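Consider the two complexes below, in which chain A is the common component and chain B and chain C are the respective partners.
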Partner chain A sequence: MSYVAVKGGIDAIRASRSLYRKMLAGGFFGDEAPHPTQLLAIDRIMSEGALYSQQLARQAIDEAGGDLLEAAFYLRAHRSTCRRAGVADPIETGDIRCMRRISATFKDIVGGQVLGPSSDYLVKLFSREQPDGEYCPPGSAQTPVQRLPSALGELRKQGMIMVPEVYEESPFDITRYSPQSPYPRSALMQMMARGETGAMLAFAYTSMRGYGDVHPTIGDLRLGMAEVTCTHPFTGNRVRVGEIRVTAVETVGAFKKDPADGKLRLATGFGFCFGFNETKAIAMSILDLALTYPGYSIGESGPAASSEMIMHHIDGVESMGFTNHFKLPHYVTFQADLQTYARAKKHHD
Partner chain B sequence: MTEIRFAILDEDAKKEIRRALLKAVSLPGYIVPFASREMPVARGWGTGGMQITLSIIVEEDVLKVIDQGCDGSVNAVNIRDFIVAATGVETSAHTDEASLIQTRHRIPERPLTEEQILVFQVPYPEVLTTVEPDTGRQKQIHAHREYSRLWVLLYEDTAQFGESRISNRYPVEVNGHFVMDPSPIPRYDIPRLDNNPALLLFGAGREKRIYAIPPYTRVKPLVFEDRPFLVESFPGQCCERCGANNVFLDEVHGEDGVHYFCSDTDYCDNHQKRTDHAA
Partner chain C sequence: MDTITREDLNDLLQEADPAAVLRLAEQVGKRATVRILQHPTQETLMVQVNDPITHGRFYSGEVLATSSVVQVNGTNGWAMVMDDNPELSLSMAILDGAWGDGCRKEQIRELALQAKKARFLRQQRQQAEVAATAVKFDLM
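Then we have the complex of A and B:
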C-alpha cells in the first residue's frame, strides 16, 4: 500500500483502484454497510444533515428520490425530535484508524503515503472492465487500517506551526445557541462541518483563484474510522458508542509573525466531517485558513475570509429552503409592490 | 422511530424558545437570537413562526393559520396540518374563534383581542439588512439607535420617486425605541400594528431570530414629518364576492379583465353572510 516516492507507485495505484471498487461492491465496513454504491452520497448527507446514521441516511435518499439537499434536510428535521443524550469525548485525529492518508507536503512521511480506496487514480470512462482485479501488492499489510501520526507532526514538534490562541473554555454549539458576531472559531468550524459541500467548495475556490490569496498545501489528509466515546450520564463510566467514518485534513498556508512571540510560523487550516468526503474537508480547511488567518492573505476582504459570509451562506438546508420558498404565493407583497411602482411611475415619468 | 412528542420539539428547545420570547416581550422590537431547529418544512417556509407556535401552544388552543390572508393557501394548509398532527388542537378559520393565529404576509382584517396571539413568519428579521449586511455592525447601530442610514435610504427614494419604494416590510419604530422589520405585511397593515390589543410575536427560523410587540404598544412607520405615509388603496373597487370596499384586496387577472376579492378570506365569508342577512 505504501510507496516511497510519487514515482514508482504503480503497485500502490493499482491496489488503490482495486480497493475502491471493493469498497463500492459492499461488505467493506461490516454488517452495517448501507447500499454500497450510495456510500458517498450517504456520507455526504450524514455530514450535511449533522446526523450519523447510515440507515436513516439511506432512507432519506429514498424519500428524497436521490436529491441530496433534500435528503440532508430529512436528517436535520429528524434531529429536531431527538433529545440530546450527552456530549462525546473529543476525537484525536491521530487515533483515527486510517484507510487512506496522504500528504502533499513531503514525499516520504512517517507511516508512508497510504493511498487506500480512492477514485483519484481511475480513468473516468464508462467501463465494466476492472483491469486491476483483486490486486494486492506484494508485502502490503493485510489490514488496510492503521493509526498514523500527522504528517505535519515533525514541523509541529520543531515549533514551526502556529498554534491559534484558544479563548473558549468549551466549543461553541450552534445547535443550542445562535452564534453572534464576532464568531468564535469553533462556531464557524461547526457551521462548516454541517455545511453544504458545493457551497463550501465554491467559497474555498474563490480564495484560491482570485478573491483571496490562499495557496494551500495539503499537509495531511486522512480517511478512516474514528471511535466515539462518551461519559455515561448515570454510571459516570467512559463508554464506547461506536465507530464512524470520518475525513480529516490539515492544510498549510503562508507564514507570518506569531503574535505570541513574534517568531515566524506557518499557518494551518483544519477540515473535518462525517463520512468520506475529501472535497468538503479540503474546502473546509481552506476556509478555516482564510478565516482564522485573514492577515496572512492579501485577499483579506475576499468572501472566503469573511466570517459573516461563511457563517450565513453555506448551510444547504437554509439556502435551499429560502430559495424554494419563492414558489409560495406572494400576492400581497406583489400587490403592494405594484402600487408603489404605480405611484413612483406617476411621480417620475 | 420513537413516538412523536406533543408539539414535536424536544422540551429543551421549547424552553429555550419561551425564554427568548419572554426577553423579546420585555424589550419590544429587540431582536433575540435563538438556536432555531429544523422543522419538517424547509427553512424559509415559516419555520420561525412554527417554532414559536409549537413552543407556546397548549391543548386548549384553537389554531388558525393563514398565508396571504387565506386559510386555504398551500403554505397555510401544510403548516396547519402539521401542527394539528403534532398537537391534536382544534382549528378554526374564524379569526374571532382562534386563540393562536400564525400568519404570513397579513394581519387579519377583524380587530384582534387581548385573548389572542398573532405569530408572524419572518424572512428577514433585521431591518438594517439593506443598509448594513454585517450582523456585528447591525447590533451596534441598534445599540446607539443610529438609524441615519435608513433615513438616507428613505430620503433617496423620496427625492427620486416622491416616496419610499418599500412596499412591504416597511420599517417601524416600536415603543419609541428600536426600529424593527414588521415582516412582509403590506403598508396597509402597518397602522394596524399600533396599539394592537393582541400579543404579536415574530419568528425567523432560517435567520434564528425572535422578536415581539407586546399588546398596546406604540408602533409608528419611519416617515418624514412632512410626508404622508401612503398605504395601498383600491379606489372605486370592492370585493366582487362580498362587496367590502375598505379592506386589502387581491387583484385577480382573468380573461375577462381584472377582478378584486378580499385578501382575508374569513373576513370575506363573514361579510358576505352579513350582507345576505341584510338582503
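Then we have the complex of A and C:
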C-alpha cells in the first residue's frame, strides 16, 4: 500500500467546500431537495428504509425525534402499505447526472476529478464565524459535468477486470421472498443497498483491520441524480417519473486467478444506495469484495466474508426491533428461567 | 428545445408551477368530460440497478409515487408523480388525457415548455457550479 503526494487544486477545494455549504443551505438543489438542512439524514433513512420519499423521510425524522433508526422504520412500514406499480427501468451508473465523481486509482480520468459538494475538506471544528465567502463563480468552470464513463472503463476494455459468473435470470427480491443459502448475489446486494450504514461500516472495517485483507482502492465514486423511468400505460413509450439522488462506488481489490480462463485479473466490488451516502456505498463495495472473493479473508472465515453474517445482521430495522423486543413483558419465560436457575443452584451449591 | 411529446408531460409538468398546472386542469374540466378511473393513489416503483461487476441487476429499494388515471372525453390519461402529491397527480393525469384528446394542447405544451426551459437553466447552473470543483492535482 502506498499513497502519492499531490499538490494544487486550491480553487477547486474552495469551490467544493462552498458548494457543500450551499447545498445544505438549499441553494444548490432548490426544489429538488426541499429540506436541505436535513439532506443527508433524509438520504440515509430513504436508503435504510428502502423507500425514496423526501416528504415522508422528513416527516419520519420529526416523528422519531431525530432517531434515524426509528425514522427508517417509519419508511419501511409505510412502504409495506403501498401497492407496487411495477419495476422501473434499470439504472446505469454511467447515466448518472454527476454532482461529484472522483477516482483514487488514476489521477487523470475521462471527465476529470470532480470534487463536487463535499465535506472532505472542511475542518471539523465549530466556528462562530460565518463561512469565509469563498466561492468560485460558475464562470470559472472548464467543461460541463454530466454523464461520465466509469474511471475503470479502460481497464475493463483491456480485459484486466474479472467478471464473476452469476446465473440469475432476474434479480431476487428479498421483500417478497426469504432468500435461502447460498444466497443469490442480487439478494445480497439488495440487502446491502438497504442495510444500516453503521452496521455495514463496522463489518467492512473488520475486513480492513484484523479479520480480513480487503484494502481496496476507490476506482470510481460518484454522487448524482439518476432517472427513474417506466412505461406510459397508454402510449407504451418510455416515460420519466423523476430523478433520485444516488451514490455509486466501484472499488478495486487485489488481483486473482480468473476461474474462467486461469488468467490474472483485478477483482472489483460495487456499492450503490439511495441518496448521498459515501460511507455506506464504500462499505458496501468492500463487503461485496469480501463476499465475492472470500479468499481475501484470513482463513476465508472473517465476518465480512460470511454471507450468513452479512445477510442477517446489517438490517437496521430488523436488528433494532429484535434488540428492543427485550423490553416487552417476558414474565412467563423469566419465571421458567428462575425455576431452572433454582434447580441448578440446588444441585450445584 | 421546443419539441414536447406526450411522454414529456409526466416529467416536465412536475417541475412547472403547481398552481398553473391545477388551473389548467380545472379549465380542461370545464370544457371536457372528465371521469376519474383511479383516484390519486400512493404506489411504489421498484428501482433496479445494473451491476457493473457481473453485468447482472439487483434491486436497491422503491420510489414512492402518486398515480392517477382519468378519462377526458373518453381518452385515457395517466400521471405518476414523485412522492406523495395527490393534487398534482390528478391534475397532470387530466392534462395527459387532454393532450391525447387534443383539448387545450397548445396551453399544455406552453406550460411544459416553460418547465423545460427552467430545468435547462437550473441544470446549466448546477453543472457550472459542479464543474468549478473539477481539479487537476500535480504529483509532488
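Criterion: the second predicted complex is superposed on the first by the 316 of 349 C-alpha atoms of A that agree within 3 Å, B and C clash if a C-alpha of one lies under 4 Å from a C-alpha of the other, contacts with A are read in each partner's own complex, and residues count from 1 in each chain.
Here is the rule we use: a residue touches a chain if its C-beta (ideal position, glycine included) is under 8 Å from a C-beta of that chain, and two chains touch if they have at least 3 such contacts.
Remember, it's a predicted structure, so these values are computed and weren't measured experimentally.
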Quick check on the superposition: with chain A as the shared anchor, is it clash or fit for chain B versus chain C?
fit
Angle chain B-chain A-chain C between C-alpha centres, in steps of 10 degrees?
100
Looking at chain A, which partner touches more of its residues: chain C or chain B?
C
Identify the partner contact of A:339: answer first if only chain B is touched, second if only chain C is, both if each is, neither if none is.
first
For A:180, decide between first (touching chain B), second (touching chain C), both and neither.
first
Now for A:25: first (chain B), second (chain C), both, or neither, which partner does it touch?
neither
With the two structures laid over each other on chain A, which partner does A:110 touch: chain B (first), chain C (second), both, or neither?
neither
With the two structures laid over each other on chain A, which partner does A:260 touch: chain B (first), chain C (second), both, or neither?
neither
A:83 in the overlay: touching chain B, chain C, both, or neither? Say first, second, both or neither.
both
Nearest approach of chain B to chain C by C-alpha atoms in the superposition, in Å, rounded to an integer.
6
Chain A positions touched by chain B in one structure and by chain C in the second:
79, 82-84, 173-175
Sort out for me which residues of chain B touch chain A in the complex.
2, 4-5, 8-13, 16, 33-40, 42-45, 47, 67-69, 73-75, 104-106, 123, 133-136, 139, 160-168, 184-188, 206, 208-209, 230, 232-233, 248-251, 263
Given the complex with chain B, which residues does chain A contribute to the contact?
73, 76-77, 79-84, 173-178, 180-182, 308, 312, 317-318, 320-325, 328-333, 335-341, 343-344, 346-348
As the complex stands, chain C meets chain A at residues 5-7, 10-11, 14-15, 41-65, 67, 69, 76-78, 80-84, 100, 122-140
Which of the residues in chain A come into contact with chain C in the complex?
4-9, 11-13, 15-16, 19, 22, 28, 30-31, 46-47, 49-56, 78-79, 82-93, 97-100, 107-108, 112-118, 136-146, 150, 152, 163-166, 168, 170-175, 185-187, 189-190, 193-194, 228, 230, 232-235, 237-242, 244, 246, 250, 268-270, 272-274, 288, 292
